[in-house]
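Following: one structure in C-alpha cells, then a few remarks.
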Amino acid sequence: MNIAFTLPFAVIVIGAFLAVTRSNILHAVFGLAISLVGVAGAFLALGSPFTAVMEVLIYVGGIAVTMIFAVMLSSVSSPAERGGFLRKSLAALVAGLFLAGGSLIIVNADFGAGNHLSTDAWSIQAVGRDLLDRFNLAFESLSLVLLLAIVGAIVIVRREPVLPADQDDAPEEEAA
Amino acid sequence: MSHSTLGLICLLAPLTAFFTALVGFRNNHRAAMATVLLSGLASALCALLLLAQHSPQPELVTRSWIHAGGVDIYFGLLLDGKTLIMGAVVAVITLCIQTYSLNYMATDPGRGRFFAFLALFEWAMLCFVYSPSLMQTFVFWELVGLASFFLIGFWYSKPSAVAAAKKAFIMTRIGDVGLFIGLILLFQSTHTLDILRLNATHFETTRIELITLLLFVGIVGKSAQFPLHTWLPDAMEGPTPVSALLHSATMVAAGVFLFARFHNLFMQAELTLTIVLCIATFTAVLSSTMAMVAKDMKRVLAYSSISQLGFMLMGLGAGSLFAGYFHLVTHAVFKALLFLCAGAYIHHYETNDIIAIGRAGGRKLRIVTAGLVIGGAALAGLPPLAGFFSKELIIGSLGHGHPRIFVIGALLASFMTAYYTFRMIFLVTRPNADSEASPDQEAPDHEADDHHAEGSLLPTHAPIVLLTLGAIGLGFLGDSIARLLGQSAHHPALAEMAPAIGVACFGVLLAWLDFGRSAAAQNGFVSRMPAVRRLFEQGWYLDALYKKLFVGLAQAIAGLLFGLENRGFDGGADGIASGTRAAGRTAAKAQTGRLQLYIGTSILLFAAAALYIGLGASR
Amino acid sequence: MSQSITDYAPQTITELVGNPWLAMPMAAGIIMGALTVNVLMLVWAERKVSAWIQRRMGPTEVGPYGLLQTLADMLKLISKQLITPANIDKPLYHLAPLMAFAPVVGAVALFPVSRDYVLLDNDLGLLFVFALGGMAVIAIFMAGWGSNNKYALLGAVRSVAQNISYEIPLILSALSVVLVVNAMGGSTASGLNLSHIAWVQSHEHVWFILLQPLAAIIYFISALAETNRAPFDIPEAESELVAGFHTEYSGMRFSLFFFSEYTNMLIVSMLAVVLFLGGWDGPLLPGPAWFFLKSYALIFVMMWVRWTFPRLRFDQLMTFCWTVLIPLSILNLLATALAISVL
Amino acid sequence: MTLEAYLLLALLLFSMGLYAVLARHNLIAILIGVELMLNAANINFLAFNYFLHLDPAMAQIIVLFVIGLAAAEAAIALAIILKLYRKHQSIDVDAMRELRG
Amino acid sequence: MTNPPRELSPSTEGELYTLNMGPQHPSMHGVLRLVLQLRGEQIVNAKPVIGYSHRAHEKMAENRSALQFLPNSSRIDYLSGMIYNLGYCQAVEKILQIEVPDRAVHIRIIAAELNRISSHLLWFGTFLLDLGGITPFLYSFDDREQILDILDSVTGSRLTYCYGRFGGVTRDVDDEFLERSTAFIKLLRTRLLMYKRLVTDNVILRERCIGVGVISKDTAFRFDVTGPSLRASGVAYDVRKAEPYGGYDRFDFEVPTEEDGDTMSRFHVRIREIEQSCRLIEQAIASMPEGDILPKKMPKRFQIPKGEFYFACESARGHFGIYMVGDGSDIPFKMKLRTPSFSNLSAMPETLRGTMLADTIAIVGGIDIVMPEIDR
C-alpha cells in the first residue's frame, strides 16, 4: 500500500469515527479536527497543497474552534442518547445502504481516462487570477455571503446587554 | 506631474484622510483636522492643476476591476471640460468649508469625526464628478447620499437631526430607484458603461424618453426638485458648514451635474425636456414663495437653493448646456458664500432668526455682512456679479423656441429671488426694533461675554473673502468656461436682458419699501394676505399632503380589498378551507417534527434514484 | 507546483539518506534537538535579561554565568512526579501538551537559514507556518477544557479568542509583504516561499521593513499577542488566572507547554526576520549568523517589552485588535496593492 | 493509488457524516456530520481533477468556495444553535419539534 | 452568617458561574478569598470571605498588660508596623496622660513617616505586579530595602518593630541615622520622578486604572472607606490633620486629594502622600531638638483607669482606631481595634459589581488591603 494514501486514510477514518461515535460532544469536535487534518493530508497527496493549507487554516483553526466555543456556550453535558438503539441502527442502515450503493456505482463505473496522474502545471498565481477573473462573480458573492453570515450570526446570538445587577441583588443580611 | 498622478492624488487624498481621521486619530481631534485640511488642500491643488493643464480631447485614466460578461468594469477619471470645472469647484469649495469649519466646529466634541465625514463627502463627490463609467457614477452617487446622511445627522443626539437625516436619505432613495432602473435600461440598450461612448450613442427608438425620464427621477430626488424637495429645508439640522457643502458644490449639485453629464442623451428626448422644464419652472417659483416668508436664515437660503436648482435645470432643459452649467458653477460659489456668512451669524448670535440677528447687531460683523450683501446681490442677479451673467443666459436660452410661460415663470422666480434676498439683507443690515416684525426666537445677549473672540478669526474670514471675490469675478469667466465645455458663449443683447434686470431691480426696490426704509413695517407685502402667508410658511402644505396622500391611499386600497375579500372570496374559501383542514389533519400525522426522519427519508429516496440511474448508466 | 506528498520531506536530508520517508523523522529529530538547546538558551537569556533590567544578577550558580541553570531545571521538571488532577477529561488533558508541541516542530523546518540552506523549501511556506500556528489554538483549548479547572478554562477561552483575533492582522501584514515580493521578484516564484522572500530582499538590497514599516509594526505587535507574551500575556495572566490554561500541568507536561511557548517566540521572530529584516542578508558574516543574530535580537526586544510593561485588560486587548490593528492592516494592504498597481 | 480508492474514501467519509446526521441527538454533532459530508465532496473534486486532469486551478477554486461556504454555514448554524439553547435550555434535536403536525 | 446570593432568574442562571478567587491566589495579598459570580468575565456578585489569618489580637490584649501587648501591635499590620506600634503607645499615653519629650516626638514622626513611605512603596510594587508589570516591583523593593535598613539600624528589626515605649522611644537616634534618612529622601525624590516617567505615564497603566473601580464620595461614606482610598474620592480627611496627635500639628504638610475616586486617583494619592511624608521627615530632621527620649517621671505601673477610651491615628491605609475599656487594673477589660483595610474591603462588593475579572485585581490591589490587619 502507498503510504501517501494510507496515512491520510487512517487519520480521516479514525478521526471521523471519533467524531461520529463519541457521546462527549467536545471529543467529537476534536475527532472532527483530526479528521480534517487527515483530509488536508489527502489534499496534499492529491497535489493541491494550497487547499490543504486552507483546509487547516479555515476548518481546523476556524470552524472547529468556533464549534468548541458553541459547545462551551451551550451544553456542557451532552444530551443523553436515549432511545438509542433503534435510532442508531436505522441510521446505520441508511448510511450503510448509501455506502453499499455508492461503492457499487464506483466500482462498476468507468471514468474513462484511466489512472494517469495530472501533471499539469498550476500555480497560486493561476488560482488567484482565475478567482478574480473567471470566477469573479462567484468570488465576490462568496465574500458577500461570508459577510452576511458574520453579521447574521452576530445578530442572531446578540442579546440585550445585561446590566450589572442592582444593589438589591447583593447578599443581604436582612433575613438573618 | 502626469494627469494620472494628479488625478489619483486628488481622489485618494480625501479617502486616506477619511480613514486616518476616523480610525487613526479617533482621540486626537487636532491631528484629524490637520489631516483632513491637508488632504483638502492637496485635492484642491491637484484639481486646479488638472484644470490648468486641460487638453481639448477628453482623457481617460482608468484601472480595470472586473471583466465579466464582455463588459469591463473599471474605476478611474474622465478628464474633460465638464469634469475638470466641476472637480475644481468641488475641491476648492470643500477646502473653503473645511477651513471655515476649523472655527465653526472648534469646540464640538465630535469634530474629528466631523472632519472625517467632510473628507468622505469630498471623496465621494470628486469620484462622482470625475467618473468615467456608469458603475462608478452610480456607486458614488449613492456614497454622496450616504455621506450627506452622516453629516446631516451629525448631531445624532438631537432627534430632529436624526429625523432630517433619515428624511433626506429616504427621499433621495426614492429618486435613486428611478435612476437605478434608468441606468440599467441604458446599459441594456447600449451594452457599455463608458460615459463617453454612451453620450455619443444615438437612439432611434422612443426608449430614450423612458430612460431619460427615469434618470430625471433620480435628479429630482437628489437636486430637491418638486415633488421630492421637502428634504432639503430639513437638512438644515446639520451644522452650517454641512449645509454650505450640501447646497453649493456637492449633493444637490450632483443631480444637476448628472443632467449635464448626460446632456446629449436628454437632448434626444423631447418629451423629457418638456417635463424637465415644467417641473424646474414650477419648483423655482414654488420654493421662492416659501423663501419670502421664512424667518430662519438657513431656511431662506435652502429655499433659494431649490429655486436656483430649478433655474439650472431650466437652462439645461432649454437646451443650453452652457447656461445651466455656468449657473451651477456660479451658484456653487455664491451659495457657499451665503451659507458661510449665515453660519458666522448663527455661530455668533446663536440664533437662526434673521430678525433676531439683525436686532442683535448683525451688521457689526463687517466682513461677514459685506459677504452677505455681495453674495445676496449675486443671488438676486444684479449686474455685474456672477449670478447675473448665468441667470441672464438661462432666461435668454428660455427665450428661444419655448413657450412664453417658462420665461414668465423664470422672471417671476427671479423677481421673488431678488425680493427675498434683499429682505434678508435689509433685515440684517437695517434692523428696526420698533417695526411690526417679530422674531420667533430672541438672540441671547452677548454684550457681556466675549468667548466668541477666542482664537483667530482668519479661518472664518479667509474663505468668506475668497468666495466673495469669486462671486464678484466669476461672472466674467463665462467665455473660458464655455470654451472648456466646447460650447459657444453667446452674449445676449441688452434688449433681451432688460426684462430680467428690470424684475430684479423691481424686487430689490420692493424689498426696500417693505424692509429697508427706516419707517418700514418689515413684514412684507405677503403678510397682508394671511392665507397666502400661511400657505407659504407651511411649504404649500406639501409635507402634510404627502402624509395624507400616501397614508390615505394605502387605507383606501386596503378598504377596497377588504370589501372584496369579505364578500367575494370568503364563502368559497371557507368551503375549501374546511376540506383542506380535514385533509391537513390526516397529512399532519406524517409531519413528526423529527428533523432526522425527514433527512433519512429524503436521503434514502435520493440514494435509490441515484442507484437506479447509476446502475442504468453502467449497464 | 509540487505533485507528491514526498515533496514535503526535507530535501537536503532526503538527498543524504535517499528515502523521503526516512528523512521526515530524522529532520524532526534534528529540529527537536536544536530546539531543545534553543529553549534552554532562551530561558537562560530571559532570566539574565530580566535580571539585567531589574538590576539583579540572575542565575549564577550552575555552570559558568549560570548557563546550566535551565538544564538543571529541565532535569528537575523531567524527574518530577506527574500530578494528574481528579475528574479531568483524560484524553484531552494528556494529548494537549503533545498537540501544542508537534506543530511547532513542523513549522521550524520551513525557515531559510541562509541562501543555500533551508531544511524544507516549499512554495507555500508562509501559509504552512500560519496553518501550523492555527493548530496551536486547539491544543490550548484541549488543555483548558481537559484540566477541569475554572482558571484554566477562562485562560483557554481568552487565549483562543486572542489568538484567533490577532491572527488576522498578523496574516494581513504578512500578505502585504507577499504583494511586494511578487511585484519585485517577478512572477516565476511564489511570493509565499520564505526563501524567495528573503532572496528578493537581498537581491534588491532593500529590507521590507523600509517598504512596509506599518506592516512590520503591526506584525510585531500581533506576534507578541500570538505568542502570549507580555503585555498580551492575558491567557496566562499570573495575577488573575494563576497560570491560565496550564494551571493544572506540572513536570514534563508543563515543560512541553513551556517548550512550545519559547519555540513559538523563535518562530515568530524568524518569520519577522524573513519578512521584514532581509532574512540572512547582511555584510561580512555568513548567512546563518546574520539570520540567527537578527532572530535573537528580536527575541531580546520581546523580552525587553515583557519586563517593561504592565498587562492589558482582556477587553482592551480585543478592542485594540479589532478597532486599530485590523483596520490599519487592511488599509496597509489596500495601500500596498494600490501602490503596486500604480507604480 | 487509483481514482476509485479516493472515491471510496470520500464515500466512506460521507456515509459516516450521514450516520452522524441521522443518529445523533446533539445539534452540534449533526453539524459535525454535515462538515464531514462537505469534506467528502471536496476530496472528490480534487481526486477527479488529479486523476482525470481537468483544469488544475478550477478544482482548487471550487474547493476553496466550498470551504468558504462551510465557514459561513457553520457560523450561522452555530448562532442558531446558541439561540435555540437559550430558548429551550437544550440542544437536543428532538426538543425542537414545534413544527410537528 | 451571610445569606447565599439571591437566586437569579432561570434564564440567566445557567450562564453564571462561581469562581473562588483565593484564599490561595497569587494576587489576593495573603489569604483573602473572593467568591465571584461571573457572567463570562463580568462580575455579577463578589463576596469577600475573611478570617483565614485570624490570630485574636484583641482577645490577647484583654489577657495581658498594656506593656505586654506592645510587641503585638506591630503584628497587626506588618506593613505599617511602626505606625501601629507608635499608635498603640500614643493611645496608652493619652489614657495615662504621659508627656512625651520633644526629641521623641520628632523621632516618632520620622520613624512613622519612613514606615508610611515603605508601606506605600510596597503597595506600588505589588499593585503593578498585579497588573502584570514585574520590574517596578523590584525597583520599589530596592528603595524600600533602604528604609528597612535605616529603621533596622535604630530599632533592630526590619518589619515588626517594637520601637515605641510609653512616653517615648526605646533608643535615641544618632547623626548617622539622620544623615541616611536625608540622603534617602533625596534619592527617593529622583526615583519618584523616574517612576512617574516610566510607570505613571504609561499608556497601559492608565488604560487599566482610569475609570476603574470608582468609589463615589457617597459610597465611601456609606462603607466608611478611609485613608488614601477616601482621599481619592475627594474627601480631605486625614487623622493627622483632623484630630492632630503626636505633634503632627507642628509641621507643615498637605492632605492630597483627587476627585475621580477611581484606581488611578488612589494611585496618585499614594504617590503624592509619599512626597508629603518626605516633607514631614525633612522638617522633623531640620528641627530635631536635643534632649531626652523618655520622660523624666514615669508611672511604675501602667494601670488603665476605669472608663472608655478611644484613640485614632492615620496608618498607611487610613484611620486606625484603638478603643479600650479599663477597669483600673493593668489589663484592659476590653480592647477593640478599628482597622482601615476592613472598612475599605467592605466597599468592594459594590465596587466590583459589573466590572471585568481583570479589573478585580486592579481594584482590590488598588485599595491596598493587608489581610492580617483585617483578620487581626
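Read from first to last, the chains carry the letters A, B, C, D and E; within each, the first residue is number 1.
Everything that follows uses one rule, which is that contacts are C-beta pairs under 8 Å (C-beta built on N, C-alpha and C of every residue); 3 or more make two chains touch, one makes a residue touch a chain.
Every value quoted in this text rests on a predicted model; they were computed, and no experiment measured them.
Following the contact convention of this document, A is the list of chains adjacent to both subunit B and subunit D. Looking at contacts between chains, the pair that accounts for the most C-beta pairs is A-D.
A straight line joining the Cα centres of subunit B and subunit E is 67 Å long. In terms of their C-alpha centroids, the spacing between subunit C and subunit D amounts to 32 Å. With centres defined as mean CA coordinates, subunit D is found 6 Å away from subunit A. Centroids built from CA atoms put subunit B at 51 Å from subunit A.
Shown for subunit E are the residues in touch with two or more other chains, of which there are none. Within subunit D, contacts with two or more other chains are made by residues 18, 22-23, 86.
Annotation for subunit B: residues 596, 600, 603 touch two or more other chains. Touching subunit E in their complex are the following residues of subunit C: 50, 53-56, 150-151, 154, 158, 230-231, 233-234, 237-240, 242, 307-316. Residues 17, 19, 25-27, 41, 128-135, 138-139, 142, 202, 204-205, 207-208, 356-362 of subunit E touch subunit C in their complex. Subunit B contributes residues 66-68, 596, 600, 603-604, 607, 610-611, 614-615, 617-618 to its touches with subunit A in the complex.
Touching subunit B in their complex are the following residues of subunit C: 323-324, 327-328, 331, 338, 341-342. Of all residues in subunit B, those touching subunit D in their complex are 584, 587-596, 599-600, 603.
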